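Worksheet: the structure to be examined is printed underneath.
Just so it is clear, A, B, C and D label the chains in written order, and each chain counts residues from 1 on its own.
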Amino acid sequence: MSMILEVEKPLLELENKIKELKEVNLTGRVDLSSEIRLLERKAEQLKKSIYENLSAWDRVLIARHSVRPGTLDYIQALFTDFLELHGDRLYADDPAIVGGLARFEGRSCVVVGHQKGKGTKDNLARNFGMPNPEGFRKAGRLMSLAHRFRLPIFTFIDTPGAYPGIEAEERGQYEAIASNIALMTELGSPIVTLVIGEGGSGGALGIAVGDRVLILENSVYSVISPEGCATILWRDASKAEQAASWLGLTSDKLLRLGLVDEVLSEPLGGAHRETENVFATVRGALRRHLGELLLSTPAELVTSRYAKYRRMGVVLEQALTP
Amino acid sequence: MAGLFDKFRVNRPKVDQSRSDETQRAELPSDLWIKCSDCGNAMYRKVFLDNSKVCDKCGFHHKLTAHERLELLADPGSFEEWDKGLFSGNPLGIEGEYLEKLVSDRKKTGLEDAVLSGKIELTGIPVGIAIMDFHFRGGSMGSVVGEKITRMLERSGDLRFPALVVTSSGGARMQEGMLSLMQMVRTSAAVRRLNDLSVPYFCLLTDPTTAGVAASFAALGDVIVAEPRAIIGFSGARVIEQTIRQKLPPGFQTSEFYQKHGFIDMVVPRSELRATMARLIGMFAQPVLESPA
Amino acid sequence: MSMILEVEKPLLELENKIKELKEVNLTGRVDLSSEIRLLERKAEQLKKSIYENLSAWDRVLIARHSVRPGTLDYIQALFTDFLELHGDRLYADDPAIVGGLARFEGRSCVVVGHQKGKGTKDNLARNFGMPNPEGFRKAGRLMSLAHRFRLPIFTFIDTPGAYPGIEAEERGQYEAIASNIALMTELGSPIVTLVIGEGGSGGALGIAVGDRVLILENSVYSVISPEGCATILWRDASKAEQAASWLGLTSDKLLRLGLVDEVLSEPLGGAHRETENVFATVRGALRRHLGELLLSTPAELVTSRYAKYRRMGVVLEQALTP
Amino acid sequence: MAGLFDKFRVNRPKVDQSRSDETQRAELPSDLWIKCSDCGNAMYRKVFLDNSKVCDKCGFHHKLTAHERLELLADPGSFEEWDKGLFSGNPLGIEGEYLEKLVSDRKKTGLEDAVLSGKIELTGIPVGIAIMDFHFRGGSMGSVVGEKITRMLERSGDLRFPALVVTSSGGARMQEGMLSLMQMVRTSAAVRRLNDLSVPYFCLLTDPTTAGVAASFAALGDVIVAEPRAIIGFSGARVIEQTIRQKLPPGFQTSEFYQKHGFIDMVVPRSELRATMARLIGMFAQPVLESPA
């Protein structure tokens, strides 16, 4: 995927023009300072108008942006002493989900997240962040470990979805996801989940049953990929843009439906633009939510997690009329 | 996912992919004759129905309606419906045909949504049951389906009734967006609560059981039974074929395939289903009722 | 494997001779009645002397006898309503271990056992009773089911050992056995184990951690196969006979060391000779042991099982001198 | 199994199969020189020892004695031995060399049997530890090994010390027959008891860890660490080759192989082992000690 989004192009063109003018200005032959100031003000406005009016599809593209920070970036920035643990103790180690022990502000915890690759080779190795059953089973093992030792759990969500492959189906992709979802409803550990990029359907939900589910402003979380949805509805994957707006997959809509607990704002242009800011925002949010959850006993956590998800549904007592 | 009625049929070569509804597929214009969607065999309608919609030539198990399933399984007259009067909303404000289709599916099936739940008796043993009906929006799981299954599981726990879910679904109801996905959590949590109460939970998987339904309560039974040749799995065959760019092997994602791969306890033909389920559930009735955890 | 053991040959020859004499006698030309009586008495004595003086190796051969009753024979004879359950819910269904729900004298229970094949084709399908990891994991799943619903567990042992194959190793044969052994020490269900044939090392032990471990008189239970032991000790598999006597694998020796709780007697000639007798003996023993175990709570069972195995060891406070 | 010292070496092509002891294999006649059993590299003994017996050419991790392992891992002076004075019997009345070999292995290793157990501190954290020594009867597990490991695990539970077992063993001690096999049960039961107490349990697998040791406590760690290229597995390579009648792939049954296949959490080179184990165990020390279950 290109690192420049369609929606960013006018801005980048303007920024290039400013750069050129500045170079000319430096020669000292003509004074372009006021023109430059004007254009800079215009660029600032354009930036705002672009990023404050992103369509759902723009957000899908930002969420999938190849340099958007991934799970390992957050682990490196926000955690210390990370010890990556491998394997499901059953069949394989799945590199599409990383996990291990680490410390968050000095406290031991378990971290689990989808990991897309950086670059083609890594992306192949990590299967573009699409887990096989082993990934979910590894996550389940690590979260069970957390449960037994009362360690908090952080999960980071960033996947196009569970891998749709023959062998993944043979080894029970559906069972692995189901068991992990069920497991997470039972854990006595506090669970904070953050959707950092793409939240793709069951493959995302398989490690996303948090006590708190946070989402970065430009992340998306969807019951089906816009492309898949468009194929089903209109038999035309190219209508993904339309499907994206239809599916209600943006952070604001998810918040309005009570499906996420908080939206974390991103710098203009997306999380990859000013990563230090993003890390600071995320650190603050994780600290705050974990701090609140630590006031509960394991049994209270399980009870309130049950209640949280129990509420998620829109059920009417009368049939809607078309 | 909803709407995908033919998605799970790709590896059944003789299915006419252009038709999207099983019942339609199984019908010839004449009221007297039924054509098997799997092998093309033409049968007298009466023979077909007497045979519980199993093809008398190839043995394919055609989809039952929720009420037909009830009749097949329950002791006559034992059904008490639970949680009537729950209807799907339109939380994403979807325009287009969705609301009309809900209305027409209600009319077609006599159901309020894609699941029918309640209490039955099975050779006298009370059982909490939820039966999904593929004829209602492809059995897709929106909030109402999730709510009714969750309530059934909760009530079975309270009453110490063994619980049984009969699945038939293409997965989540896309038109409810992420609310639909979250039904996987609610239903799975309710299963675990039953487990904690040592109340047995059974799944009967029928054609098809895929995506979000397969990947939640359908996979979590203490014992999992499937009808022959039902299509089961997470990803649809077409999606897999597009991803790997090769044809799927014959028998892929069937009940028999998943029994071989370790995920299905028993594949039971419809003719033996009632007796087998009674024997199975009876196995748990005694100790559970005598010594609840 | 031939159905006639070396040790049985003199007896069978004698029995054939008696049969011939009887035929001659029937012609009425000579009266051989007293000779026949004499030979019959001799045959009876020979039978006793053969079967009461079986070597360890003879017992190995009887334990492996192709028509010796297997797990499914015991299930059919002693249980009702058997519902075979399949699969480990992870990877596969292993036909080398069968298991399911059944009723023993009306009571629901879980039955698990190794199953060798009857005939070549079935033997290949069942991998000669040598489980892959999935077999142990299926057994573990079924026993966990029993635990959750407080159903008694019966296990039947009859395997040359866990399968030594590349894929079995890849999928964690060692882990599967370890986890099952550990699991069995934790189950709240009463567990009665019967060694019906060959108890081959870890592959047997993987489903043999019973509260009561019973063994049929001519069954064997060994830390390593006699052939394997001979290969290691003398680099000569043909010395298996010698290794068999060395390994202490017969029922009497196991009883003396406290490694089994009871030896169930077999008819002269082995369990395959008068199966109805064997089934009656086994039924009585299972009923008796289960009856005793049902007097304990799950917690008591776990505690006394721990104590039972905790004692298994010969440890001295002074070094032996050679 | 005991005596099988070379059994797990089949797929390391350069090993001289006729020699049966690692220490012997790693030694040249001269006291000054050591030859790597894996790549044949000749090293100054001093370099080899300074490098914790890791080959400076191929990186192969040669076997350590229990005391060398202790020195590598424990805070200096922190070791307190537990359960001294336990000796193997001869329950099967085996004749022949077995008893003499016990005597000579005692002399050679300074150990009473194939395991050394006690308490250490690891950067100040008290840890219950059992270290198997392959130089004593191939690290084979008889009653004494089972007893000492079980006692160590039990005592660690009582004291709420995290527990660590360093494995190196060909499996059961054949000369104790079925008593030897039963050590798998005792040790595994003791691990589960630790689990119930929420006391963390760690395994460090070193070359080789196979058969009955692999298939009991070595597989049950909350976290499982292995040294590079250690041979791990249930069946010996030779037995597998005889069964399937083909050569094993390179790297089969190594630490790295089992990490890839999902059974090993971390493969840690010896040079980083102490720091990593301290970091790992430290991760559990705080919550466990603060809030025992």
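Methods note: contacts are C-beta pairs under 8 Å (C-beta built on N, C-alpha and C of every residue); 3 or more make two chains touch, one makes a residue touch a chain.
Here the structure is a predicted model, which means the values were calculated and not measured.
Undergrad: Based on the averaged CA atom positions, which chain is farthest from subunit C?
TA: Max centre-to-centre separation from subunit C belongs to A.
Undergrad: Can you give the whole-Å distance between the Cα centres of subunit B and subunit C?
TA: Each chain's C-alpha centroid was found; their separation is 42 Å.
Undergrad: Could you grab the centroid distance between subunit B and subunit D? Build each centroid from C-alpha atoms only and quote it in angstrom.
TA: 52
Undergrad: How many angstrom lie between the centres of subunit A and subunit C, each centre taken as the mean Cα position?
TA: 55
Undergrad: Note the residues in subunit C that touch 2 or more other chains, in rising order.
TA: As it turns out, subunit C has residues touching two or more other chains at 89-91, 171-172, 175.
Undergrad: Could you tell me which residues belong to subunit B and also touch two or more other chains?
TA: As it turns out, subunit B has residues touching two or more other chains at 261-263.
Undergrad: Among the chains present, which pairs are found to touch?
TA: Chains touch in the following pairs: A-B, A-C, A-D, B-C, C-D.
Undergrad: With touch defined as at the start, can you tell me which subunit A residues reach subunit D in the complex?
TA: Residues 81, 83-93, 101, 103, 107-108, 134, 138, 145, 148-151.
Undergrad: Would you tell me which residues of subunit B are touching subunit C in their complex?
TA: Result: residues 195, 198, 200, 222-223, 259-266, 276, 279-280, 283-284, 286-288, 291 of subunit B touch subunit C.
Undergrad: Which residues, counting only subunit C, touch subunit A once they are in their complex?
TA: 89-91, 137, 171-172, 175
Undergrad: Which bits of subunit D are touching subunit C when the two form their complex?
TA: Residues in contact with subunit C: 1-4, 7, 85-92, 94, 99-100, 102-103, 106, 112, 143-144, 146-147, 150, 172, 174, 176-186, 188-189, 191-193, 210-212, 214-220, 232-236, 239-240, 243-244, 248-249, 252-253, 257-258, 261-263.
Undergrad: What does subunit C use to touch subunit D in their complex?
TA: 162-166, 168-175, 177-179, 181-182, 185-186, 201-202, 205-206, 209, 221-224, 228-229, 232-233, 246-249, 253-254, 257, 259, 305-306, 309-310, 312-322
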